[in-house]
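There are two complexes below, and they share chain A, which is joined by chain B in the first and by chain C in the second.
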Partner chain A sequence: MKVTIKSWTGVATWRWIANDENCGICRMSFESTCPECALPGDDCPLVWGVCSHCFHMHCIVKWLNLQPLNKQCPMCRQSWKFNIH
Partner chain B sequence: MCDFDAVWLDVLKIFPVLGGGSPGPSQPVEEAVYENVRRHLQELGNIDTFAAILDLEIQSVIRNVLAPKFWKHFQGDSVPTDLQTCIQDQALVIEALPDKNKLFTQFIDAINELYHSFNVLMQVKPRLARLMNPEMSSGLSSAKLLHEDSIKSYLRDSLLSQLPPAFSVVVGAFYWVHFKLYTKASHLALTTVDSEVFDELLCVGCNFDVEQCCCLRLTEMVNKTNMKLFEMNLIDRLTGSALTSLIKLKIKEHINDTCQGIFDRSHLKQLEKWLADVIMTWLKSIFTDWQTKDSAKEVEVPPSVQSFKVKLTYYMYETFAQSVIGQFFSIIIDYPDSIPAIDDLKICMEKIDMRVYLTESLRSSLEARILHPGVNTMDILTGYVAAIKAIRHLDQSGVILEMVTAPIKDYLRKRSDTVRRVVTGLTEEGPTDLSEELAKGESIKDGKESGPDEFSNWENWEPDPFGIDANLMKYNNSKIMRSADIISMVVDIYGSKELFMTEYRNLMADRLLAHLDFNSEKEIRNLELLKIRFGESLLHSCEVMLKDVTDSKRINAHIHGDGNINENQMFDISSLIVSAQFWPSFNKESLQLPEEIENEFKKYTKAYEGYKGNRTLNWRTVTGRVNIVIEIGDRTMDMVVSPTLAVIIYHFQNKSEWTIEELSSITKVPASALRRRISFWQNHGLISESSPGLFTLLEKETEKSQFEEMSLAEGDDEDLESAMASASDQREEELQVFWSYIVGMLTNLDSMPIDRIHQMLKLFASHSGGVEFTQDELKHFLQRKVREHKLLFSGGVYQLAK
Partner chain C sequence: MLRAIGKRDRDIFEEVWPDKRRIVLKLLRQDTVSQREWQDLFFGVHFVCLWDEKGAAKIYDCLQQDIVEFIVQAQSQVQAQRGEQALLATYIVEWRKFFTQSNYLPLPFRQLEQSPQVKPSSSSSTSASASGASTSAAAASCSNNSSKTGPSTSAAAASTSAAASTTASSTTAAAAAASGSGNNGSSTTTSKKNPTEDSPVRKLMLDSWNKHIFHDIKHRLQDSAMKIVHAERNGDAYDAQLVVGVRESYVNLSSNSEDKLEIYRENFEMAYLKATAEFYRLKSTEQQQENGVLAYMKYADSKLREEEVRAKRYLEPSSFSILTYTLVKVLIVDHLNSIIAECPALIRDYETERLNLMFRLMDRVLHGVGVEAMMGDLQRHIMSAGLADMLSASEVITQDSEKYVERLLELFNKFSDLVRNAFNDDPRFLTARDIAFKTVVNDTSVFKMELPTSIANRGVKYTAPESKCPELLANYCDMLLRRTPLSKRLTSEQIDARLRDVLLVLKYVNNKDVFMRYHKVHLTRRLILGTSADSEKEEDIVEWLREVGMPADYVNRLARMFQDIKVSEDLNTQFRSSTSRHDAINIKILNAGAWARCSERVSVSLPIELEDYIPDVEEFYKKKHSGRKLQWYHHMSNGTITFVNNFGRYDLDVTTFQMAVLFAWNQRQHDKISYENLRLATELPDPELRRTLWSLVAFPKIKKQILLMEPTAIASPKDFTENTMFYINQEFAIVKNGKSQRRGKLNLIGRLQLSTERSQQEDNQSIVQLRILRTQEAIIKIMKVRKRMNNAALQGELIDILKNMFLPSKKMIKEQLEWLIEHKYMRRDDDDINMFIYVA
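Let's look at the complex of A and B:
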């Protein structure tokens, strides 16, 4: 007997490759959205800092805008720099 | 003095009544006799006393002789005794009487006899007048007999005082025959049902052969009898009640004959016409037919007939309304074809208050017809929607609706599949009531917005109907009730939109996963319609789910277009990539793919990671659709199956014999589930269980052909199994949040009864996410923990297991 698979329609869940599950600012899951957004994923992306912490982009941007002087990571207090891959 | 005996004889000649016994026909009396008697009476000096004695004597004759004799006609076997006992329902008795014609003649005979005696008695009056004529001045005022109608009223009084109970039946029978005679003509014209009567060549009126029809003679007799009754002033008293019940019976019959089961046209006009044309003219004929013949002057309709008409009209409305209400369930089912019937009922309800009767009767018929386990939920819902529409049409205020549908709601709430049915109904293809309503939704909403405030519409305001429990009105916010449309009424069964939306999400997830064709246009349309009605926030998850579908389509296209992945590709992979947070949670089934297949998926994952930076995929291997081609012997099977089935048969490719344990360990599917799946291939004649727990591939052609046809249907069955966790599983997961609270509580307080735990958790729940749960659910949860040996339960309190 020979079984040939012609095509396979599968189901998968996507997730961010991150070292944490929840955004440290809004406490929502990364796979969910920040409080401002409706659609997850592309529309509400994650960003990483050089300190390796990551947040919903909208959350951290909002946080940084609230810091008048030295922009720090809210988790480790190192000064925040975006880690561009 | 004179010879008293001679005078007495003369007196007897003038007034035979004084002789006692039945008054025979009185002979004409000569003037000399009068003269003689008058003289003697004058000598005695008391003609008044004589008149009084005469008066008493007449009374006693009427009471003791005439009335008993008259009633004697109707005693004995004329009316069966068993019928005499159930006199209350005269009409029915009349209908049930075996020999109406006999009673008819009996009645006529009796009346004739009575009339005859009456006439004899009536002669007393002119004779007495003649006797007293010369002394007008003293006599007339005191002699009661000379007063108008005194004999008539004596007759009436004593007849009525001795009225036997069965008499009205006889009268009923008499008029029954009369009515039949009277309506003969219209009968012939109107009914087609009576064709059998024609066959037997019987006259409809008198039941004799047509050639010997005696209708005319009978009518003549009836008219004479009526006249006699009228002259004796008995017609109202003696026949009134029997006549009324007979007419009521006729009305009932007529309504049953003409209106039963016909809802698509209005009957009221025609009924009113019938009442005026047939019944009223007949009634008039009873009172007037015999008059018109001998008196040319305009015949007045007696006022009693007029008041009769009002009474009968109301009775007709009432009967008709009852008949309609009795059939209201069928009317509901036939809606909108049955609108004319509802309109009729509406008119009736304006005239007579039937509300309570309507609600009671409708409630009980609904309970009997649809609210029992033999009816499936979809049909109940259909009935519910139809009832809403029909009753709306009847009563704008919605009060009746609320009262009638309350039991339906209560009942539907108890059915577990209600929500699912409603949601299916809402979204199903094809003309279901609910999906039509949903499609209408937009216009309704627009209408509401354009009519800004209800005050502008004050002229059309109607008060709440009376006769409705005031508490009920207070309890229901009537305004909400009124404006609610059908969808809201249906959703209102559960009192919460959330529940419906959760169920909708689950069903949609099932549908999307079952088809996996990335075609979500219909779903998107439905979602848009639902959003209009329920607001966006409740349907947010669904929106994300649908976006996942369209995104997946794009991602698939992108990855397929990527050159790298297409090299050495074993098979095409498409994937539905879902945002787990927004989908209902999946059940916990798992499936280990064979290595070479898994590698293909790894390639796909890589391509995805390359396309969407920083993101990766977790495959849910059990769910999906696999198109496989099986070549075995000289036969080729091309089929679409679930991944588990595909993997099972794939494993048999390299090794034709597997024990269930081996297969279970390599696929990571529990043995029991695996066995169930394997049976699919067994049915296709590819695998057989050669010895218990050992499965062998059947290479040779055995009885395969007979199984071939089942293939796709069976495959589809498998697909339909929900990939989602059941609602109760999801619920338990939600409660899991509280486990740490419970542990904390029990550590501090050692042991607690369930209601304390529930109370404390509710306190926490209000702070954390607002998860609502009942004590029952909590009990389930705690009992599971007891089974898992994490808790101890004794003496009604829970403790931590040590």
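Let's look at the complex of A and C:
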């Protein structure tokens, strides 16, 4: 008797790799959405700054739009730059 | 004539008039009047009025005398008749003659219209009942018609159409007479108004007739006319023209220009209604007693029609509605209870024709009393028959969703047909049907679903049992959408039709959230296992669900699931082109929020081959999406393995857990392995291992199982002990038609477990949990907008928001209100305990 695999379908979900549980702006869990969204996941993505802090994209964009001059990270006050991997 | 000038006034009238009076008498008698005489009369009237100050009044008085005399003569002729028909006939002849003349005779006397002297005498001759109105009308017409030739345009022109046509026909006669050619009343219709209609002379003629002849004999006339109608109703010989003639005289006799039908209405119409009511009061009771209620309905219906036709002959159009009212009262309302009493039996026997008849009869009754009673009967019948039908088949339908849904639909179609055929799809009956359907669908006596709750559910202790219908509907949908014998048998159009039917039933379901939940679970299985019969149809039904009012966020999640599957397909293509090693690997990456709530992850020790693949996939995914990591859900993973033994070679569709178990024998194929050792080898939690092993030793409906066990007499997976031994069935083969096959394909997955045993118990709890959250959410949503709201209004809006998901019970609403108040989301008004105030 011999058993061999012919094909396999693996099912997985994905999670964000964030250094914190909650978004520092809206205080909502990264696993859920920012307050404006209904569906977590692709529709409400996370973004990282070069300072390594991470927020809901919707939250940080809203925050940056409210800063007239110095666009700073709300956590560490370093000037904000998106970390594009 | 000019010699008359200079004579005293009195002489002029006395000299001229006796001559002219002869002409007047000739006219009244309908004797031949020459052209010359006719002209003389005009001239005479003009002459007297011109030269005699009081000439107009004198002429008028004289005229009145002559008319009264003439009428008295006519009266004696009419009164002399003994027989009813003869009386009517004579009266009609005399009346017609007189009436015809009432159109010509006033013409020469138009000059009188301008004379103020005529007015007071005209009012004195008016019959008492009409005096006030007619005086003012006459006054108005006198001043209006100062231009002599033009047709009357006074307000009186607005008369009923029938009155207009009778006067119009006499217009031509008047015109013919005016030209002096003769005075035979040929009647053709023209739309012109009779110029003499408002003349005081005509009024004088009609009023005199009314006073001197009509008043005395109108009762005899009416009685005679009603006797003829009675004879007609009894089917005897009759002369309809006599009745019509009498009616015409009633209509034309009225000189009241504001209400031309006054005399007709107060006398003829009243008598007609009374006679009709009396006739049918007797007849209807008699008919019902002799022939029974069912035959009576036919009788009533035919008589109603018959009387409507008869009314068109004998009555003015203004009387139709009151006649119908009277008939309905006598023929239907007075027998309402005995008719309605037949309704339940007729519905039971599907007597659509008779029901239709009954409906038509009842629909005539004001305020819908009868119709309402019938609606009640229909509703009760559908409920009791529907439930009885379900109950009688309960053994089959609780097991088989297909049979259940088909039986339900059959029932619906049957009753919808009944409503269409018997009640013409009348909206009131459709509503009654819908209410009854709702009861049948949501009934819990045939099968129910308990929704247990846990203490964690914020004070909700228990919930009422609910109908299992939505679950079965979802199962049926699954059978249609999955590749099953059923979906293979049906054409695409048939499947569409059945899916539509499901949605139709779903409309009546109260707990739609249960359907959504099961539908989603089934959809998850179909998408993960790739067992959809038609992916286009899958997406169609999502849109249909949106159309029937399923909540948007629920439908969006379903759409998201399809999107995930498509994205995963792209990902697979890219993955395979990135490495040549993994052609056999498929990955399905799901958005956690969109899919059926996944339970906690189950650890499993995968076969070595798979363990090799996993890091490659993870690495690939990390490159694609930075900041994300994969979490494997192996209880949903599945695959195909090739199983080779001495007998043959088989492709088996298995779950990853089954795979892990079977791979334990790969190195030691003839060994018997104990439960305990399998647990160590696979690292599966106890309940999952038991379930997986059971599916391999006792898979339903196959002759030869792939695994065997020792001892063999184990009845359920709970009875496995640590020392139960398992070993590969070396004789395993796929059996078809009693023959073992050397090659073949077999699906051992069955119903893919989406959740572990423990979380399955939580499933139904989570329905309740979700309802609580939905209720709270909806209350807050409403209160945020309204700020202040009383209890009743709040409940109304709440049910409106939630009804597409479930029907919140009063109890639950109350509990959630209390919870929200307790947690300071809102408060009660200090003065009014039923008033809630939103707290920001």
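Please note the rule applied: the second predicted complex is superposed on the first by the 71 of 85 C-alpha atoms of A that agree within 3 Å, B and C clash if a C-alpha of one lies under 4 Å from a C-alpha of the other, contacts with A are read in each partner's own complex, and residues count from 1 in each chain.
Rule of thumb we're sticking to: a residue touches a chain if its C-beta (ideal position, glycine included) is under 8 Å from a C-beta of that chain, and two chains touch if they have at least 3 such contacts.
Everything numeric in this text was worked out from a predicted model, so none of it was measured.
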Original post:
So, A:Leu69: does it touch chain B (first), chain C (second), both, or neither?
Top reply: neither
**OP:** Classify the contacts of A:Thr9 with the two partner chains as first (chain B alone), second (chain C alone), both, or neither.
**Re:** both
Original post:
When the two structures are overlaid on chain A, which partner does A:Ser29 contact: first (chain B), second (chain C), both, or neither?
Top reply: first
Original post:
Touching A:Leu39, do we find chain B (first), chain C (second), both, or neither?
Top reply: both
**OP:** Indicate the residue numbers of chain A shared between its chain B interface and its chain C interface, in ascending order.
**Re:** 1-18, 31-32, 38-42, 46, 48, 85
**OP:** Name, in rising order, each residue of chain A that touches chain B in their complex.
**Re:** 1-18, 29, 31-32, 38-42, 46, 48, 85
Original post:
chain A touches which residues of chain C in the complex?
Top reply: 528, 530, 553, 556-557, 560, 584-595, 598, 607, 609-610, 613-614, 617, 621, 625-634, 636-646, 651, 656, 659, 662-663, 665-666, 669-670, 728, 730
Original post:
For chain A, which residues count as touching chain C in their complex?
Top reply: 1-18, 31-32, 38-42, 46, 48, 54, 85
Subject >> Interface residues, chain B side, partner chain A - complex >> reply: 513, 516, 540, 543-544, 547, 551, 570-583, 597, 600-601, 605, 608-609, 612-621, 623-632, 638, 643, 646, 649-650, 652-653, 656, 686, 697, 699, 723
